[in-house]
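The structure's right below; bear with me while I get my questions together.
Chains: A, B and C, in written order; residue numbering restarts at 1 for each.
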Amino acid sequence: MTTTTRERARVCPTPTAVWLVVEGLWTWYRRNWRSSAVSSVVEPVLFLLALGLGFGSQIQPSAATGGLPYVQYLAPALVVASALQTAAFESTYPVLAAFKWNRTFLGIASTPITSRQLAMGQLLWIFLRLSVSSAAFLVVAALLGAVTSVGVIGSLFAALLTAMALAAPLVAYSASLDTEGQQFSAIFRFIVVPMTVFAGTFFPVDQLPAWVRPIVWLTPLWHGTELSRASAFGTGELLPVLGHLVYLTALVVIGARLAVRTFTRRLEV
Amino acid sequence: MRPAIVPDVVAETAVRDGGLVRARGLTKQFGDFEAVRGIDLDVEPGEAFGFLGPNGAGKSSTMRMVSCVSPRTGGDLTVLGMDPRTQGPDIRARLGVVPQQDNLDNELTVRQNLHIYGRYFGLSKAHVRAKAVELLDFAQLTDRADAEVEPLSGGMKRRLTIARSLINDPELLLLDEPTTGLDPQARHLLWDRLFRLRQQGVTLIITTHYMDEAEQLCDRLVVMDGGKIVAEGSPGELIARYCSREVLELRFVTDKPDAAAAEGLADRIEVLPDRLLLYTSDGEASLAAAHQRGLAPASSLVRRGTLEDVFLRLTGRTLVD
Amino acid sequence: MSTTTQAPETTRTGLLLRVLPVGMYAGRSRALVERSFLVNRRTWLQVVSGFFEPLFFLFGLGFGFGKLIGDVVGPGGETISYVAYVAPALLAASAMNGAVYDATFNLFFKLKYAKLYDAVLATPLGPLDIAIGEITWALIRGALYGTGFLTVMLGMGLLTSPWAVFALPAAILIAFAFGALGMACTTFMRSWHDFDLVQLALVPMFLFSTTFYPITVYPGAVQFAVKCFPLYHAIEVMRALCTGYVDASIVGHLAYFVVMALVGVVVASRRLGKLLLA
């Protein structure tokens, strides 16, 4: 029994190499999809049911909800907020685990894949995974009657951009950690949760005290929520939309560059 | 019968500068700490080359530089005739690396670990699939192929890591303490597998703490201490140079070992709290001479000089960390 | 406060000692509490941050939802602000969350990876010491969070009745019951994957147990299902105590948690004994 195919190992061009990293992460995911399906699709749907329909039944459509039933007001923002939450999780523990606990990334560093390709692959993977779960959520939301127009496709885009605006810097940060991940609970509690509560997902930001609002404007979630509602309700104006896009894109680009840097520092010492 | 794990690449490897690995004045610094302080190395195709040294001697740092994951601080280094600084991925495509700590994906199956790793080397799915079957057999893991890695024993994981490092038919295999923590059965199985690889022409570079392992496996080795190479040669040469053919151990229970009384009985005498070590070419003769002088040890032992004696002489008996 | 928590615990152990085999309890669970204290002193940020999460919700709901929804009907049929309606529910929910996470994720990690208890059991301590020690620590932490949250409620003028002094002991009982049950469940878990089930139990309970809106929103069948959730009873207790509309039904709600706690402790220590002493 000799190997019939005789192939030589080779150095792949960057796009192929990045895709191979995604393939590796996908192989893992295929065996463990259940938990992420629960947290990234089932949970947001439960939120939509409880807050959109249950709590929403207590709310009269008003100017604050854009004149819409609460569930329709909530859905385009909820897709952004839950993509962001999933992104926060996917960018923290799994990344630290791959460096520190399982050390699988250290194994990849011994292959022709470079640190840079590995970082890009990790980010692309998070993007693809979020695309699927966000789209699934929107389909369910549509079935529940929470979707008003095809503009919601723009919401999907906004959700992904926003999520990556958080994921990229967070992946960079996770790759630089050498702890057991205690910082992550602080990040969830002091950044992710307050963002979800205050950045306009559940109620308009102008209901907050004036001094809080500038902090809200710094969060990617607020920009994403604005974009998403603008698209879903067709209320977008050119300049604000451009502003949101630029801000979020800048975060993605800066985050990705930082991620490449921290991956390289971690692996090539 | 046995599949050729390694193709005939060693012959075609253009190694112009003489040696698969060549280092001159190689250094590695971490902040203020100098882990490797200017070493010269030449590893020839087909040989098994060993690094010995206490913890912190710079073995692993050197290994990591040779495996092109750690950039060197200074000096020259070529691996397979290429410079790791500029051609890291090209070199890594032709290396196999077995790290000190396993970095398998514990949540995947044995087979999946091989598949994924092979894909990183740009190998096709069909090739990787066939190759995995071959390697599972090589590592005696065929019946665990579709089991998750997590619950496997340390020996099985180690074998899988070695199998994984062969997925790309490497010309040079780097093993960092391959048998640390394994039971004797697992060690011997691993040694057997490494012998086979050598017979097939794979070049091996091994670091180890076990002197018997180094004697078993290595054609040539270097002893490192404090970031420098302190001795180099074949196991036999090193024993001849730094030890003696035989060692006479005289053990004392009540009285303190008296070095002065043994003066002149051997080439070199070492005094330990409970015994004297006499390095000599003829242990029995030295023992008879000792008895004649009236030395009365509680027990005595004549044994062959080993690499362990060399190691302790070169790197000292005090704990390093 | 300390008397109310300790008194039931000693009687409970007396009862448990008769139910459980010998060798399981050495009466030294305090050692485990001390250990937790030492560990948490180093990770104080994590401990402190747990206090803020319910506060964020409280402010968010107060400023945001409150304005959308206006005033609502309280437990006694009176009109109260939305914040006053939702705050006791958040207190109950955070007691649940804190206790369950501590008793599941943290316990599982120590059990499976840190092998902490193997070392503990090599000493005179038994599985019941471990169970009680870990739960006690979770309760001390929970009590701190509860005190903080109640202080904020007091500052916002949301505590309108003297009954509110019982809110903290009640929160501790609730946390104890959730913690004990969570611990019992953890002993059945094989891998991290099983923890989605914990999420799958907690999230719907948090969302649907009348935390944010009255039970009358649901049709009859759903109402019945919601009334089976432990969190529903916890919220009923908290709302009654914080607003002062306390009636006999509170005894039933509290009994629910006493039973839950007993079942949890018995199952948890039996299972822990099996897992660790096997």
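Heads up, the rule we're going with is that a contact is a pair of C-beta atoms (placed from the backbone, for glycine too) under 8 Å apart; a residue touches a chain by one contact, two chains touch by 3 or more.
Since the model is a prediction, treat every value here as computed from it, not as a measurement.
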item: Contact graph of the chains (line, ring, star, complete, other); value: line
item: Middle chain, criterion being Cα centroid separation; value: A
item: Per Cα centroids, the chain farthest from subunit A; value: B
item: Centre distance in Å when subunit B and subunit C are each reduced to the mean of their C-alpha atoms; value: 55
item: Subunit A-subunit B separation of Cα centroids, rounded to whole Å; value: 46
item: Computed distance of Cα centres, subunit C from subunit A, in Å; value: 31
item: Shared interface positions of subunit C, touching two or more other chains; value: none
item: Subunit A, residues touching no fewer than two other chains; value: 32
item: Residue numbers of subunit B (touch at least two other chains); value: none
item: Touching residues on subunit A, where the partner in the complex is subunit C; value: 32, 34-35, 38-39, 42-43, 46-47, 49-51, 54-55, 57-59, 62, 64-65, 70, 182, 185-186, 189-190, 193-194, 197-198, 202-203, 207-209
item: Touch list for subunit C against partner subunit A, complex; value: 43, 45-46, 49-50, 52-53, 56-57, 59-61, 63-65, 67-69, 72, 192-193, 195-196, 199-200, 203-204, 207-208, 212-213, 217-218
item: Interface residues, subunit A side, partner subunit B - complex; value: 1-12, 16, 20-21, 23-24, 27-28, 31-32, 102-104, 106-114, 267-269
item: Parts of subunit B lying in touch with subunit A, wherever the complex brings them together; value: 3-4, 7, 9, 30, 67, 69-71, 88-90, 92-95, 97, 99, 101-108, 112, 115-117, 119-124, 126-127, 130-131, 134, 164, 168-169
